[in-house]
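Labels for the chains are A, B and C, by order of writing; each one numbers its residues from 1.
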Amino acid sequence: MKTLLTVALTTITTVFCLASSLYAGEINLFVAASLKEALNELSDTYARSHPGVTFRKNYGASGALAKQIENGAPADIFISANTEWMEYLKSKKLSDDKSIDTFAYNVLVFAGKPEMKVGKLEDLLKLEKIAIGSPKSVPAGEYAMAAFKKAGIDTGLEKKLVFAKDVRECLMYADRGEVDGAFVYMTDAQQAAKNAKILFTVPQEYYPRVTYPMALTVAGARNADAAAFFVLLRSAVAKGILRKHGFIVL
Amino acid sequence: MPEFTAAEYSAILLSLKVSMVATLLALPFGFLLAYLMTFYQFRGKVALDVLINLPLTLPPVVIGYLLLLLLGQQGFIGRHILQPLGIKVIFTWKAAVIATAVVGMPLLVRSIRIGMESIDLGLIHASRTLGAGPFDSMLTVVMPLALRGILAGSALMFGRGLGEFGATIIVAGNMPGVTQTIPLAIYDYAGSPSGDSMAKALCVVAVIISVAVLLCHEYLGRRMIRAD
Amino acid sequence: MELSVAVSKKFSTFNLTVDCTVSEQRVGVFGPSGSGKSTLVNLIAGLQSPDEGVIQLNGETLFDAQTSLAPEQRRIGIIFQHPHLFPHLSVRGNLLYGLKRCTPLDRRIDFDSLVAVLRLGPLLERGVNNLSGGEKQRVAIGRAVLSNPRLLLMDEPLSALDDRLRFRIIHHLKTVCETFKIPYLYISHSLLEIRLMTDTVLVFDHGRLVEQTSGEQLARDRMGHSPVGYINLLELSDMTERDDMCAYRWQGGELLLSASNRDTVNGLFELSSKDIILFKKHPEAVSARNLLHCAVLGLFESGEKIGVDLQAGSGRLIAEIVPTAVRELDIHVGSPLYAACKASAFRKLSDNQTNHKEQFS
């Protein structure tokens, strides 16, 4: 009986130790979809100099990510594609407020079939189908809608809009040719497009500046590895990589 | 209960419209397929049976993707039939109807088959000796007697259509006012932190419609029995 | 009408081989269950196809190596064992189904006349699901007849009905076919029905045609082998009650039957050949209430018995006796005899509610 108890206790303790060692060296990233390639390069860079650290990356629409964090998904670092969703997290007291900073900026463009004769926003009314991220959760979509309203074409475009779940899906629609064009970031368009090319850049006065706020979550602030990685994200190395990928950094 | 905007009413109407049209469109095909499978023997019957029932076991997303490959710009039908005719199907209301029809077809065919299988062959023989050809017999004897199966299948298909998501989102996309049906609208709201209350409200609407459809089907089923 | 059938068809349990031609209007097909009778019906009607052969009706080829007319083109009606009425149509709807599909040229039969003959008037607007068995079969008969068929096939049409109804429906069947001059093929395993309905009989066994004869002849041939002997069919009428018995008028004179027949004024009765006792001389006193003076018309052998064909008044009876009795009583053609039978030996087959002029032969 005594031997049985000892064996049981030892097993349980070992398991717990192992479990906590599993948690050690793990960083959970919740990042806007448009930052995928840049963050992959950054995390690879960090992992090379910090073996034993593993990254769990979740790329998606910033609004959807914020909701997941709110519902308890484990996140250490959150980078959003607009300030709205960072503010949201802040209001829910899920962010480590003193870590909030700006990661990068971007520019909204319209990419589509090369033969399309569109050079400005008003030209869009001639088209049949236009893809944007769903404004309820995708910042790129929100920026696009703001631009439409400013240009006065929002009602005209009503039945032409195809909502995508994030900016990458948008690009995929444009690339496949199922839509005439899509509103994506400059960085996305440079990325993938086999069949879609940038037709015009949306003039900045039509929409608020694309800003990527970054922050540690409350849980992330307690994670030493996450905090260390966060430091890398603010460093010159990171800025260099971002510029390489087409982002605007100050 | 949050206030519904035009977008929500549009989603509800669109759901009803797409399901209704898909069911009506599928009915003649479903009826003929069920008739063929019930009353005829032919080579390849098993293969046809499997094909008809495939959408039941395939994930709807797979069906949507296959439809996209078939009907899209690079697809076989898309390139050789639709494009020359100038017909665009992907990301239109038509695609939503097609997706719903394909996904619901096995349910329709099954129900009608069950109805048809209970028809006494003697009745069909009798109608043939009374001068009715195969088509005539099908319309005047088989169809009326299979009516309960047809109605049950239609209701089932309509209900399934209201909830169709996977195939629809791939092949028709999420287009408010054009293809955004109730499930797509709920998905849209569910992805947004502030959208929960609206998503719930739309769920309630979906339940109410489904219950109404099922009650209607029950009532019609009872009226079918000639009680004299 | 002339029907010629020369076909063969293989089944797992037997092979059907037929080669015959019939030109009569009222033909019977007789045989035990499983002898291929129903298959023959299906082949003639076009519901099944023979493996090989030729079927011709009135000179038109219905089936051969090159052609096979579909059932709807053959204009051959079937009355099945089960009515197979369309449950979603009213009686009227059922009746009109075949008529509507008949070209105007072929429409000889008048709807109202048929409804009158089959007495379907009160049923016309009703649904078919709650009709009695007899009513359903009458509607089925009417429906088949109204399709103006060139030939009517009746596949055991009375088997599913109880005895009381059976012979009443026979009356309807006969009347309808005679009134509207429709030739028919009557299939049954009941010799009685065959005798009442047909002139020529095709006898089937294990898928093969074994003989072509008449119902009457068949009954005589079977007399010696049958537990019921030869069934004499008697049409009795004008019943009056007398001495606690029922007295009927018959072609051969007067017959006394048991009081249990009180409610039947006119009817069809059966009397077995086994229930007739023959006397050479008039018995002074006999318990049997019926004693008929007859003359022998003929004698025939059947199994181990001898059938005695008797003329009683203007009626005919057949009695069966053993050969020894024939020798002992020295019975030969022309011999005068007395035939006795008990009042209780008569069994009612059906009563005829209305005065009908038809004579069952």
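Criterion: a residue touches a chain if its C-beta (ideal position, glycine included) is under 8 Å from a C-beta of that chain, and two chains touch if they have at least 3 such contacts.
What you are looking at is a predicted structure, and each value in this text was computed from that prediction instead of being measured.
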The chain whose mean C-alpha position lies nearest the overall protein Cα centroid is chain B
Max Cα-centre separation from chain C goes to chain A
From the mean C-alpha coordinate of chain A to that of chain B, what's the distance rounded to whole Å?
38
Whole-angstrom distance, CA centroid of chain B to CA centroid of chain C, is 55
Please tell me the distance, in whole Å, between the geometric centres of chain A and chain C computed from their C-alpha atoms.
92
Note which residues of chain B are touching chain C in the complex, please.
120, 122-123, 125-134, 136, 140-141, 144-145, 226, 228
Where on chain A does chain B make contact in their complex?
61, 63-64, 66-67, 70, 85, 88, 128-129, 131, 134, 136-137, 158-159, 161-165, 173, 176-179
Interface with chain B, chain C side, in the complex: residues 45-47, 70-72, 74-78, 80, 82, 84, 86-88, 97-98, 101-102, 126-127, 129-130, 143-144, 147
How about chain B: which of its residues touch chain A in the complex?
72-74, 88, 90-91, 173-178, 180, 188-189, 191-195
